[in-house]
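As written, the chains take the letters A, B, C, D and E, and residue 1 is the first residue of each chain.
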Amino acid sequence: MFRLEGVSVSSGAETVLADVSVAVGTGEVLAVIGPSGVGKTTLLDTLALSTRPDEGVVRFDGTAAWAAGRGTRLGVRRRLGMVFQEANLFDASVRRNVEYGLRVRQSWRERVGGAIRGRLLSNRLVGWLRRLRATVGGDPTAPDGGSAGRSTAVEEALGVVGMADAADRHTASLSGGEAQRVAFARALAYDPDLLLLDEPTSDLDPRNTAVIEEAVATARDSGIGVVLATHDMHQAERVADRVAVLLGNGVVERGPTAQVFEDPAEERTRKFVAGELVY
Amino acid sequence: SGGSGSGDGGGDRPGVAGETLTLTTTTSTDDTGLLDELHPPFEGMYGVTVDAVAQGTGAALETARAGDSDVVMVHARSLEDEFMREGLGVNRRDLMFNDFVVVGPESDPAGIEGMSSATAAFAAIANASAPFVSRGDNSGTHTKELAIWAQSSAEPGGDWYRETGQGMGQVLNIASEQGGYTLSDRGTYLSQRGEVDLVILVQGPIEGGPDTLANPYGVMAVNPAVHDSVNYDLAMAYIGYLTSPQAQDVISNYEANGKQLFFPRALSEDPDFQQYVPEGWSSSEGR
Amino acid sequence: MMGPGLDTVLLGPLLVEFPFEATYVRSIISVSLYVSLIAVALSTLVSVPVAVLVGLSDFRGKGVLTSVINTGMGFPSVVVGLAVLFLVSNQGPLGALDLVFTKEAMVLSQFVLATPPVTAISLAAVTGVDRGVRDAAHALGGTRVDTALVVVKQARYGVATAVLAGFGRAISEVGSVLIVGGNIAGADGVSKTRTLTTAIQLEARQGRYGTAMVLGAVLVGLVLVVNAVVVRLGGRGVGG
Amino acid sequence: MMGPGLDTVLLGPLLVEFPFEATYVRSIISVSLYVSLIAVALSTLVSVPVAVLVGLSDFRGKGVLTSVINTGMGFPSVVVGLAVLFLVSNQGPLGALDLVFTKEAMVLSQFVLATPPVTAISLAAVTGVDRGVRDAAHALGGTRVDTALVVVKQARYGVATAVLAGFGRAISEVGSVLIVGGNIAGADGVSKTRTLTTAIQLEARQGRYGTAMVLGAVLVGLVLVVNAVVVRLGGRGVGG
Amino acid sequence: MFRLEGVSVSSGAETVLADVSVAVGTGEVLAVIGPSGVGKTTLLDTLALSTRPDEGVVRFDGTAAWAAGRGTRLGVRRRLGMVFQEANLFDASVRRNVEYGLRVRQSWRERVGGAIRGRLLSNRLVGWLRRLRATVGGDPTAPDGGSAGRSTAVEEALGVVGMADAADRHTASLSGGEAQRVAFARALAYDPDLLLLDEPTSDLDPRNTAVIEEAVATARDSGIGVVLATHDMHQAERVADRVAVLLGNGVVERGPTAQVFEDPAEERTRKFVAGELVY
């Protein structure tokens, strides 16, 4: 269970979020909707422990993250997958990007080994090392643990978004939508417990949007909690279990999806969803 | 003589006031501060400026060779003679002298203290393989050092002999840090005596040592027949001033740390004097 | 070397009584600043356009050119000094201009020394500018100059660092200014081509380490002031 | 200084017959490379982490700190040389280590000189890294070290330029290595602490400009090779 | 009339567009739709003269742009307004961004004058200069031409997207949707003849989307040609007069909006629009 409790965030002199509380459980999709500039991204950043709130508590399974030590927070972040509003891909190959989450979760020993196997050593040298390992008592045919597991997960995650063929391309050459799909694969690859999605299909055509939405549903069904910031009301209706509506500086309405869309408690919610809200 | 009237300003100007004379000299001359005493009277006399550029001996002569300076003051007789022989200089005059001393650590591992011969002292240092720090830079001092080695029975070389290729001040420092011997001009040694752990072990002629350790300074004008852009008239005026009783007085009165650094030479009874004579001229026309 | 100050007893490496007359130090500072600032200004005028030109275009041999520019950062100052000396010397191609042992010759050699670092670092900064921003500057109707200005503005922090690196190199450099300038000061203690660095070297050569360090502190203080001013101006520029 | 080669007649500024024995030149090159490469390697190890640390955090006085780092690019080498000399001289705090006039002392002074430019330029490069990429490295589970590695990788072109600038400064510098190293060569022509720059300076002081230029060309060639290797390695790194 | 005639573009070894022709007239909105990575952005870049096609002609009112000189192309670019898929804002204030197009269309004299008045001179100094100008014969109360006109247009363009209050903010502090709206204002401010919009509402909520769509309609009605790359089929239906469908390497279908959406000639078009196309 992941939650914000009475969180206030300001940037500069401006208050962005005031006394906001939201919670998302495992196996649940929470959609956060609201107009441009209301604070959806800020809310997700706060959940991701990237932004420290001025007031309030960010709680993960009961632990107040900012009151705990850096190690605890690292542990929390390691349970998160995040897709940013902008793709924010690293200037490297698609594979390196999608690997990133897995790589940083490995020990240095595994990482260095993987790097050497993957990049620096020629096949001949690898064979030589295998034989050496065999001589000193190991099993030369054993898979390379980390590295092999890594590449399987990477391929799988890229397969989900239809980008498996692009693994060796450099991110600079991706189209807007392709970049967004790679960013989704990157957040998925290491099997997080909480998925934070900031407008994950904003640059995608209907078919690719459906693919991402299916992936979200699958994640939810396998017990992953999802927070989805979106301006696409139809998308929220399609995938969310619950909806929180941000207006002004806080959550003006929350509840099961059907209720919020069909029978909102607030007139402002109805207007916003209908595209009529002038603020 | 051959180059008269070819000065920078030409003859149509009323005087030399406002002109600049460029002097290249060695760092050791400039470092003593003597030039700052010598130049103001000359500058006042003619309303000119003297730009003193302190370089290594070789570089000072090279600059003059290129015609970038008007007059040179160095202390490396063999190089000066070569400069004159090549027809690059005019009117070399002996100016002053001081002397070299052999300095080393107080402990004096080679036992040279009080020797009256520099060659013998060098031989003793070589025999003891005691550290010796050489300028190694073809300066006047280095030239002198090599001449002494050549006269001595010993060969400089091996681990104990270190070439530094630096100025005298730095060499004194290195000798001090490494507990080594070196050959130094007296002026630099005196001005740095406070900072280094070195004592004079063999004196130069000023304090009764051998004449081999004398260090004469000469001054030469650059030949205007080679470089018509040099300020020959002013250079000659400068040489005339330096060799006059007035300037020679300044030299003999100049002291650092209470010690006289230079001894005038230009007004001796038998002044040393070289003049450049273009090839093919009869020697009688030389003056 | 100034008469009375000369024999001042050095109390210790940094606890020196300042042995110079104010005019002497002032004139040295002004020569240092004159030479370094003009040289760096000229370098900037040349380097930044070159960096933008190279950085924004793709051509065969760009890698080689980059290596050559980077190599310029390792030009030994003595060699640059000698090269400039050949140029301005009496018999050199610029001999007629009579530049040997003048501030102008020093500006020239400092210019040669400062230009490669300013260019190389600006190039790195310009290369880092987001491609999309460049495209926007172009597509929205900018000329090549407009695009270049946008790129330089985006890279302003890096470019400012480049200029400061060039300034640092110029004002701290001693090898070339010594050769082409000659370290000349009048007998009255007014510097003609003596800079802080050549004055420091002069003091160090004579073993007067204390005064050398004091002049060094003056130099570092000067650089700090210039840097603070540039950072200040740069900081103000961010908003615009 | 090398017996027979010494008196070789100089034919002209660049048309010299090379007057050195190969051992002499080889040993000088190896001292130059040894000192510069080790110093720059150490500088890089210190500078890049410092640059990342300063670049990625916000704190009061960051502007001042940046100015101070930039100011370091203007440290006069003679002063740095003197400071290191005090440190390592017999009476200095490190006197017991007997480092005066050794390559190790030269490494120390080159380290002091190279670190500010490497830090300042890396800092500029790191500062230019897109904020979103940093956030991604952090949010996707990276430790501070992981984030730093991502940032350095994003800024690799700038960081490489920083390292090359430091290398350029170290290998071309003459003031401090002369003071702390002493420009010592044995009578057999084997360099102990003589570098290409101090050798060049030695030739120049003697007016042997031609040989100075030849050694300068050797130095520039060396820098070019090192730069080409770094650019090559950097170029390969881009794909990964 | 702006058109691509038989244009082919490749990036690296890959052919992105092969033999593509499209045209857009004045007062007309052309929607370009197609799946992620098909080449919509590439097509817009080609129209914007940012990408030079390998083959084919880019023609503006009859002039082949790449056959003409640099000056002609600059003239063409000066008739364009472009909103990129990513906001691509300059690292400066919102005002400076929106001014950009106007600024580069001014002479250097006007620009320097405007910069001095706007930034360097204190009010006191401006007053002093005014008096000076009066003394030497000018009219001290005359408006500052360029600069004043500039700021009016900027304020107007920002007003259209509801960002007038943000003129003095730095772009780094904008939310994703705010940045997109500023980018739209930037393209609008100098009154272009052809507006190239690459997913201009991808990060916007319904209300802001409606605002942009209204602005597009207004532009069209005042005789501006618009090319709109979008993955939002509803948006295409709402605002486009004609639609071109990109699939594979080229345009598989084109025609009036209603025809393409309701009675497509190609089965693939129907499938793509319905979000069923698997490619």
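Basically, a residue touches a chain if its C-beta (ideal position, glycine included) is under 8 Å from a C-beta of that chain, and two chains touch if they have at least 3 such contacts.
Since the model is a prediction, treat every value here as computed from it, not as a measurement.
*Asks:* Tell me which chains count as touching both chain B and chain C.
*Replies:* D
*Asks:* Starting from the defined contact criterion, work out which chains touch chain D and chain E both, please.
*Replies:* The shared contacts of chain D and chain E, listed by label, come to A, C.
*Asks:* With centres defined as the mean of C-alpha atoms, identify the chain lying farthest from chain E.
*Replies:* Here the answer is chain B, farthest from chain E.
*Asks:* Considering only mean CA positions as chain centres, point out the chain farthest from chain C.
*Replies:* So the farthest one, by centre of C-alpha atoms, is A.
*Asks:* May I ask which two chains are joined by the most contacting C-beta pairs?
*Replies:* Of all chain pairs, the one joined by the most C-beta contacts is C-D.
*Asks:* Can you work out the whole-Å distance between the CA centroids of chain A and chain B?
*Replies:* Computed from C-alpha means, the inter-chain centre distance equals 79 Å.
*Asks:* Taking the mean of the CA coordinates per chain, how far is chain C from chain D in Å?
*Replies:* Computed value for the inter-centroid distance: 18 Å.
*Asks:* Which whole number of Å gives the spacing of the CA centres of chain C and chain E?
*Replies:* 44
*Asks:* With chain centres taken as the means of their Cα atoms, state the distance from chain B to chain E in Å.
*Replies:* 77
*Asks:* Scan chain C for residues touching two or more other chains and write them down.
*Replies:* 85, 130, 204, 209
*Asks:* Which residues does chain A have that touch at least 2 chains other than itself?
*Replies:* Counting only residues that touch two or more other chains, chain A contributes 86.
*Asks:* When you check chain B against every other chain, which residues touch at least two of them?
*Replies:* 55, 170
*Asks:* Any two chains that touch count here, so list every such pair.
*Replies:* The complete list of chain pairs in contact reads A-D, A-E, B-C, B-D, C-D, C-E.
*Asks:* Write out the stretch or stretches of chain C touching chain E in their complex.
*Replies:* Going through chain C, the ones touching chain E are 130, 132-133, 135-143, 146, 150, 153-154, 238-240.
*Asks:* Residue numbers of chain D touching chain C in their complex, please.
*Replies:* My answer: residues 13, 63, 66-68, 70-79, 81-83, 86, 116-117, 120-121, 123-125, 127-128, 130, 155, 157-158, 160-161, 164-165, 167-169, 171-172, 174-175, 179, 196-197, 200-201, 204, 209, 212-213, 216, 219-220, 223-224, 227-228, 230-231, 235.
*Asks:* Chain B touches which residues of chain D in the complex?
*Replies:* Those residues of chain D that touch chain B are 1, 89-90, 100-101, 178-179, 182-188, 192, 194, 198-199, 201-202, 204-209.
*Asks:* Considering the complex alone, what residue numbers of chain B touch chain C?
*Replies:* It is residues 22, 27, 30-31, 33, 35-37, 39-40, 43, 49-55, 66-68, 167, 169-170, 172-173, 188, 191-192, 194-196, 227, 229, 256-257 of chain B that touch chain C.
*Asks:* Can you check the complex and tell me which residues of chain A touch chain D?
*Replies:* On the chain A side, the touching residues are 45, 48-50, 74, 77-78, 80-82, 84, 86, 88-93, 96, 100-101, 104-105, 119, 170, 186-187, 190, 196.
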